[in-house]
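Same chain, two partners: subunit A is paired with subunit B first, then with subunit C.
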Partner chain A sequence: MKSKPLLKVDNLQVRIAVPGGVVRVLNGVSFQIRAGKVLGLLGESGCGKTVTCLSLAGLFNGPGITVSGNVELNGRSMMDLPAEKMRSVRGRELAMIMQNPMSAFNPLVTVGRHFTETIRSHSPATGREAWQTAMEYLRRAGLPDSGRVMEQYPFQLSGGMLQRVMVAIAMSMRPSVLLADEPTTSLDATLRAQILGQIAHLLRDFKTGALIVSHDLGVIARLADKVAVMYCGYIVEMASVAELFDRPLHPYTRALLSSRAGIKKKRLTPVGGQPPSLLNLGDSCPFFERCAEVERACLNYRMEPEILPGGRMVRCAGYGASKGKVLRGLA
Partner chain B sequence: MTFGTIVTRLAGRKLTAACLLIILAITLSGALAPILAPNDPNLVDLEKKLAGPGAGYPLGTDHLGRCILSRLMYGARISLGTAFLVMFLTIAISTVVGTLSGYRGGTLDGLIMRICDILLAFPSLVLALAVIGMLGPGLLNMMIAMVSVQWAWYARMIRGMVLSLRESGFVLSARVSGVSGPVIVARHILPNILSQVIVLSTLDIGWVILNISGMSFLGLGIQPPTPEWGAMLNDGRQFLRSNPSLMAYPGLMILTVVAAFNLIGDALRDALDPRET
Partner chain C sequence: MVRYVFMRLAGLVPVLLGISLVTFILVRLVPCDPAEVYLRLSQIPPTPEMVASVRADLGLDRPLYAQYLDWLWKAAHLDFGVSFATKQPVLAEITRCFPATLQLTLASMALVLLVSLPAGILAALYKDSIFDQFSRLLAFLGASVPNFWLGFLLIYLFSLKLDLLPVLGRGTPAHLALPAATLALSYAATYTRLLRTSMLDCMSADFVLYARARGLRERLVLGRHVLKNALLPVTTAFGMSIGHMLAGSVIVENVFAWPGVGRLCVYSIFNRDYPVIQCYALIMAVIFVTCNLVVDMAYRFLDPRIRLGGGRQ
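Up next, the complex of A and B:
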């Protein structure tokens, strides 16, 4: 039996009006996250991964920015919540781990105060209770010497320790959904594995749903149940991890996967060309010019999602009416 | 960086240490003037007017026979005390306004910044004169005039610092964790601008002292017979040829104090600079 989705994102669109036109940052992003499940969001730099996270948290706003579509968290629409309500949702129901742990902490404030500040923003806990909670979560995140860490300043800790602290802070309010925006990019390879393990562990323990953003295929393969591949603000393909890595359908996914480093490979094969400018992006396929499998149908294709048997989603003309690629892809 | 290292860095330079000692000495002599001063600063003794240095009057007397040293000491109270008060009020007002403007942004920010633009468009002395012209001369009015002119400079600078901090990673992560605006400002933004504000205000306190003396010299600030360095300069003006020391002493005081404050401000900026270890 399928559980009810914790987070339901429906046709999320983000536009930024700039001099000279409109930048279409997100184009109809839709996905669902269920309890204890992890959705990986994969894509190259500038494709809208971070914007997705920030707009889910209601923090992507400013002059010229319009966010439309619907975001439902725990069955409640978040798009027109008043600011104060939204604030209380952030951190408690929807937590986020930031990209760079070194800049995510105020150098003048101790780790402990960062921690208790978050806890006390959401619960009537006293300072002592908040401190106890914080110590416990630091231990769970793999920092056994939590008493000392609590009294240290951010610059006294290493990047890996800070990232653990951030994970601990994010998990301490037992959020329904965790957004992790490239949680391991600034860490070295050995730490990466450890921290990912810790995150996976906590997610499983608390049945937290998560959106893990990364451009690192390894991170996604390790943590995610389902993967969404993003390109130019479109989710071009969504499938379970096994299916996607086994049989990528979208030409972009294929190109992305073949650009991986491998033991037998002598050289990396990059995806050719550059992504188009998002300024005044048309309705047609943004991957058209870089695609190795262009066909006649691509000219008239308007990025309608194609749902394939088995529930996979792909946005590519090749899987439309003719289904030519479906047969080839699934064969 | 601890308070101790800052003090060590400051005192490590001879010039800075000397400036600190000068400021300390003048402040103390002002604070302890009732005990230390040899005479009543307002005691008029026309028989001994324009006397040279001698017993009872270490620096001589002015045209009304008042003790110059005593007047200089009591003058330090007014000059320094007023300057600190003006600076404090200015910083207080502009921190509130600048933070509000920078953190809130939007229409409020636009409105406040246009008001600042208007104030900054005029030379500050001219504007202060205009305010005093409306309110009338006097110590309190002069302070009001100076604060009302000067807050705009600081509000603008503080707004700039707040703007850059608002976009920093730790403010974003505090917002993501659902920390409320006032807490973010109090805990993450204000402490980070504090050191810069302290340096700025130390650099500017010399300017404030100069302005206070300037206003009093023009007869718009402190009214006679209250001893004040600028007013003393004005009093001595008529005797420039016969008794230049009447102007020399208060002038020297102003010069020394302003120079000392500026040098300390510079040193403080270097000492608080985290890049210099």
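Up next, the complex of A and C:
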């Protein structure tokens, strides 16, 4: 039996009004995350991965920006939450790990203070209690010398250590859902594996659901149960990790997967062309220009999601009701 | 730390030597015989015999380097000579006037902080609002209106038309209001804008987004994460201006007949009162260099990257 979803995102849309039109950043993003499950969000730069994270946390706002759709966390809608309520949700129920640990910490404030101020913003803990909690979580995140780390300033720690601190801060609140935006992009390969292991371990221990954003197929394969492939603000395909890597359905996913480096590959195959401008993006398929498998049906296709037997979702004209591509794809 | 301060203070010596030498030479380049001036100020007709005897008295007949070394030797013992005009020791004259200048400067500094801190913060928080636009206009005016003209405008408005404040002189706090405001305006305008820009820079920093993502209260985000970082460049600039304000009060002191060192300096320049000018220049140099040192110390205190060394970008 399936558990109730912790995070339910339904038709999330983000528009930015700019001189000359509207930039359609997110075009109806929907997904669910259950306890202990990890959804990987995969896509190239500028496809809306980071915006998805930020708007879930209510942090994507400013002049000209409209966010619509529905986000439910633990059964409660987050879209009309007053600012103070939203603040108390952020960091506690919905924790975040940022992309670049080197610039995510205030250079004038010690690591310990970053940690305790977070704890004390969400609980009535005293300074000493918060300090104890922080030390414990730093150890769990793989920083045994936690006392020293607490007293240091961010510039005295390495990127990997800061990333661990960020993981520790996020997990110390026992959040329902963790949003990790490119958690390991700025780290070198050995460290990447360690930190991913640490994150996986903590997620399992605390039964935390997670959204892991990455353009790195390896990260997604390592952590995620399910993958959503994003392109131009659309989720163009969503499937379990095994299914997606085995049999990618969307032409974009296929192109993305074939652009991976491999031992037997002599040359890398890039995805040809550039994504279209999101300014005044129409309703038709944004991958049309770059797609190697264009057909007549594509012209009339308006990005309706196709749910295939088995629950996979794909947004491609080739998988419409009357199409044989499904069979070809699955064969 | 102690070593650092010591090194900096040691660095003061060549700076002061250089400044004293330059002022010494510049003052003597003026085509006017100090001995004649001395006699005129003493109400004695400058006959050639009198001039010659005064030159001998003041040591002006000796070669320039000998005069300089003599002056330097005495200055090292805090003897800056006697004012031509008042016949008082120069140092006593300057120390007599200094409290007035210090009072004016401190009042102006307080005014600058009182205005520019809240104004800068508000202008950043409510970017492009009416308030921001208004502060922009004020900053523009404040930075471009010359001190002396502003002084006259304020006297005209508050003293002559509204009859609220005294026109000239020093005494009650009311006397302080106009000169302090005049001196403060351009600095307040500059710092308001500087703090605003600095705040906006910090507000878009990653660590502020992360602070919000951790669910900190907005007050904490702004106070600890935005303001603390935004104040760094402002502190540097402000420290540098303390010297500027102390030395720059010359014009304001003259407009408001404020009995401070600035007015003493201008008075001495008119009278070719060399010993006073020389001493004034030297004291201002010491103040400038000391202010810079204090700023650097404050910076080390505020920024752990400098305090602990080896900061990474």
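Assume the second predicted complex is superposed on the first by the 331 of 331 C-alpha atoms of A that agree within 3 Å, B and C clash if a C-alpha of one lies under 4 Å from a C-alpha of the other, contacts with A are read in each partner's own complex, and residues count from 1 in each chain.
Basically, a residue touches a chain if its C-beta (ideal position, glycine included) is under 8 Å from a C-beta of that chain, and two chains touch if they have at least 3 such contacts.
This one's a predicted model, so the numbers in the text were calculated from it and none came from an experiment.
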Simultaneous placement of subunit C and subunit B on subunit A, clash or fit: clash
Which of subunit B and subunit C A:R139 touches, first, second, both or neither: neither
Partner chain in contact with A:T118 - subunit B first, subunit C second, else both or neither: both
First (subunit B), second (subunit C), both or neither touched by A:Y153: second
Intersection of subunit A interface sets (partners subunit B, subunit C): 57, 59, 87-92, 95-96, 98, 100, 102-106, 108-109, 117-118, 121-122, 166, 169
Touching residues on subunit C, where the partner in the complex is subunit A: 205-207, 209-218, 220, 224-225, 228-229, 232, 302-305, 308, 310-312
Subunit A-facing residues of subunit B, complex: 168-170, 172-180, 183, 187-188, 191-192
Residues of subunit A defined as touching subunit B within the complex: 57, 59, 87-92, 95-96, 98, 100, 102-106, 108-109, 113, 117-118, 121-122, 166, 169-170
Interface residues, subunit A side, partner subunit C - complex: 54, 57, 59, 87-92, 95-96, 98, 100, 102-109, 114, 117-118, 121-122, 153, 155-156, 166, 169
